[in-house]
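Each of the next two complexes has chain A plus one more chain, namely chain B in the first and chain C in the second.
Then we have the complex of A and B:
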């Protein structure tokens, strides 16, 4: 296992990139500690797969370098980098047994059969595959096959990093819960460095200790799931993480106070605003909005039942404000008022949290 | 006036894909087929569309037997999980294609295409080819094509499954609005309970080729008529265990005693299966009818605002989903509290009791 460092990494698919827009991956630097669980989260086209392919060696970076434990591997082949990768669709040998599939990466590397047997049984035990070891892989269900792919990723103890590229996308929701928690459990047991790429916030937040949120080839924020939820540094992070995403409302800031709908709104950071008269917005998650006797006047537009809570959509002028109401609690009808939790309401300038960037 | 499936079944060789099924979808209704892969959702849709013929039973539409009517004569639109568009047509021509086939005049086509494009926010994309669109825009084009002709029946087979999480959220909000006020019957297949809930309308829970329950969505979710419907309609998966109810007590895992709560009056003494949704298990207990239980933590997932704790209790895996951050370590013993009044009780034949 290794510590991974990206240093001023840039990548363009064009042969002679000259301007910023030519780069699929803009300048990127970060450190991933040995043994950590990391996620790369972002929409399609944000550059996360490009980054993954640069780390695995399928692509050579246009600029900058990739270091494993301080050693530059930017131009090393995938084999030399010694990594394991699990893909969206199960990659297994249908004609082999489950045992032989799990043993394959070890046999390829010339590991002794005694050692192979030990490793295969250990991994099979963790993944509840022990009983099916002698079965042919072709007869398995989609999640059974994906479990083998996970097992093959985990079976070698000498890899620098294990990378997962949307590994649960094709799995049914019920089984997704099982496999997802299994993967997290495996990380906690084995403490391998793992990088998990996904567009699904639930998968990223529940798996990783640190999540890297990407947009348009750039890192927008890196943080723990709690940091990303409670302090989104950019309105994009607020929107992308959370379901529904953060409410983003037009506002003004005067004398260190945020004003929305003609009312003073208490916030975390309005005081730090230095007054550049750029686009100003207020961000507050639906989880931190509640009904109140007085406050922001709104009309209730729609109530959607999500089971354990309801998503209530309200409107003030042209602004839509959503809030979550737990199952069983009353929802007023027609006109009402809202209040925002001051400790979780932030001001954003041109998308970025005021006073947030250092 | 509606679409009626009367005792239809579908067998392929010795395999039964759909067991005898009867269900009625009303005009202007939004209906969700909810179930795992291979539950029979796609087969049922193909029978409705006329792409497959039932082995037995009849399909009636607006009072007419259409069982033998071929797909071309059924006035049905279908949207699939894979984005299917004509690659060499522009978005405009893709949306217009069913109207051109029907021989509609160009002026009327133009009005309809523009209206559909406006609803699906494709107006600025009309002159592009599908390959120049994002996945979400490609699927919007397919949906616009399904909507543009006045189909009697619109079938959507997991249309959002291949889209990014956030796009899915967006389209999930838009879709019911698109069909509101139309006379068409919409049938929407999904594997995701949360999707069914947010659509509202009606839901049919499906399991192994059977509809296990059909009715208004919130009703099916809160009052499942049997254990299987409850399990199909629970995400994260529902926690279950055998219990014995005796007077004011419930005995669970052979020796642990809980207060019976509302079950004291609604449940005769005897053996049952209890079903507890993960959000009704918390890390602290409030109120009267709370059952305490200890579990060995397998893993804790923290989503930023919630904690999902997977525990081993007597060889079974239970899941608790609670508000706030409760970071338990692997192997630690967690004390959990079950809201008994929110739990469901099923009889020995898995039928809903209370």
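Then we have the complex of A and C:
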């Protein structure tokens, strides 16, 4: 187990990168505490797998360094780093039994058979694999195979970090949920440092204590799920997290007041805006928008039922504003007004939250 | 009977395949079966002879000899070509400009016509003027493939290895390339050494490809004719007279149609049986 530090890490798949666009991973620094559960969240191609492979040692960074407990491991092999990784597609050793699969990482390291037996049974118990230990691994279902991959990561008691690269991609939806809760449970039981890569916000938010949101090879925001939800530092985070995503509306700021649709809108951070005429936007989540007698005049465009609440799409001029209406509450028809919750309405300058970056 | 109308038109759709199989397999084969149970003294007059040709072939020492040499030959070339081909495939590059160079070089022997291969090696191995033959003799080893059975066998095996190892290598290479990277990465993470990666990832993943390679090489080597005839003509004596060479001698040299036909059928059944047995054994554990 280890504390992981990334220092000015940069990576390019090209041999001689010169421009910024050559880098799949732009300069980043991070500190991850020992025993934490972290998620790397972002759309496909944002560099999250690259970052994961850099940490695991399958890739060597172009610039910068990676430290485990202060020890520089940037150029160490995966074996030297003593990490475990679970891949997108279940990797099992077909010809071996489930038991041998789980024992494999220990046998490769010359652990005594008695100790191996103890560890394998312990891990198999945690993963509900005890009954299948003697079966050939190739006969298992996809989620069973993925459990074996996971088990091979857990079986070594001294791994520094366990990494998951979109491990639930090939798992059936109803099993995804089960395996996800299993992961969470395992983290609580073993207290290993775990890093989970995904493009699925639900997976990231349910698994991790800290979520790192990435976009185009950069970290956009690091925070707890609640922070990401309530204080998205970038409109991208607002969009990417939450369903539906944050409303982003063009606005102006004059004398510390945000103006949208000709009205003053109370916000958290308009006062901090000191710049000149940059691209300014107002961000407010559908959860913090409600119908009102007065306020922003809108037309109702569409109502979609999402179970416990309804998603109402409204329009003011060219801007579309979504809001959530709880079950049982009336929805006015035709023209109406909206108000925004002032404590959850933020101003963004060129995509970044005003006063957010320090 | 069910009340559903049976549409007989479907037979027309099967007809082309049926005709194709009939003309390229059934009819030629039946001709051979026909010859194998009849006696002829020319003039296209045939008389029924029962199974005497089969009995004759089964008890013929000449056939036993040819069959034994054939089995030895197939066993030797398989034992060399499969591990060698696999080894070459493992050392071939996976990425970069050398991939195409390797693939083309490996394919070259496969593109040369059989009789040309035979002629090439025939000349190359000549002890007085051939590069190989002269070279071996220059090393102080007495080598003459037209006189010594050992030399003839050595040359034949070497020629077959040269000609066909590429096939095994290319098949294995295709199999190796199709193994997803994640397996190698997982093995690295699990701390597996090169041998363990080969034993637990590459070899199991190559099982199907290797089965096909062994089958193809077995069938082909068991039927070897052209190259061997051009190189040694079955000699010296009958030292390299394999089944197919013996068969042609019987059928076209001596014009013993009956025994030759009986021999063909036995030959065919051996290949079929061995291939079937091998394939079944290899695929037996698939469902587990």
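Convention: the second predicted complex is superposed on the first by the 357 of 358 C-alpha atoms of A that agree within 3 Å, B and C clash if a C-alpha of one lies under 4 Å from a C-alpha of the other, contacts with A are read in each partner's own complex, and residues count from 1 in each chain.
The rule we apply is simple: contacts are C-beta pairs under 8 Å (C-beta built on N, C-alpha and C of every residue); 3 or more make two chains touch, one makes a residue touch a chain.
These numbers were taken from a predicted model, which means no experiment stands behind them.
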item: Joint occupancy of chain A by chain B and chain C, clash or fit; value: fit
item: Which of chain B and chain C A:45 touches, first, second, both or neither; value: first
item: Degrees between the directions from chain A toward chain B and toward chain C, using C-alpha centres, nearest 10; value: 70
item: Which superposed partner A:278 touches (first chain B, second chain C, both, neither); value: neither
item: Residue contacts on chain A - larger count, chain B or chain C; value: B
item: Contacts of A:263 with chain B and chain C, given as first, second, both or neither; value: neither
item: Partner chain in contact with A:244 - chain B first, chain C second, else both or neither; value: first
item: First (chain B), second (chain C), both or neither touched by A:343; value: neither
item: Touched partner set for A:56, first chain B, second chain C, both or neither; value: second
item: After fitting on chain A: smallest Cα gap, chain B-chain C, Å; value: 11
item: Contact set on chain B toward chain A in their complex; value: 36-37, 134-135, 164-167, 169, 191-194, 197-198, 200, 217-218, 221, 235-237, 277, 279, 298-299, 301-305, 308, 310, 319, 321, 325, 330
item: Touching residues on chain A, where the partner in the complex is chain B; value: 43-45, 142, 172-174, 177, 180-181, 184-185, 188-189, 199-202, 205-207, 225-226, 228-230, 239-245, 287, 304-308, 311
item: Contact set on chain A toward chain C in their complex; value: 56, 58, 77-79, 83-85, 87-89, 91, 93-96, 104-105, 108-109, 136, 138-139, 149, 152
item: Of chain C, residues touching chain A in the complex; value: 180, 182-183, 185-186, 188-193, 196, 200-201, 204-205, 288
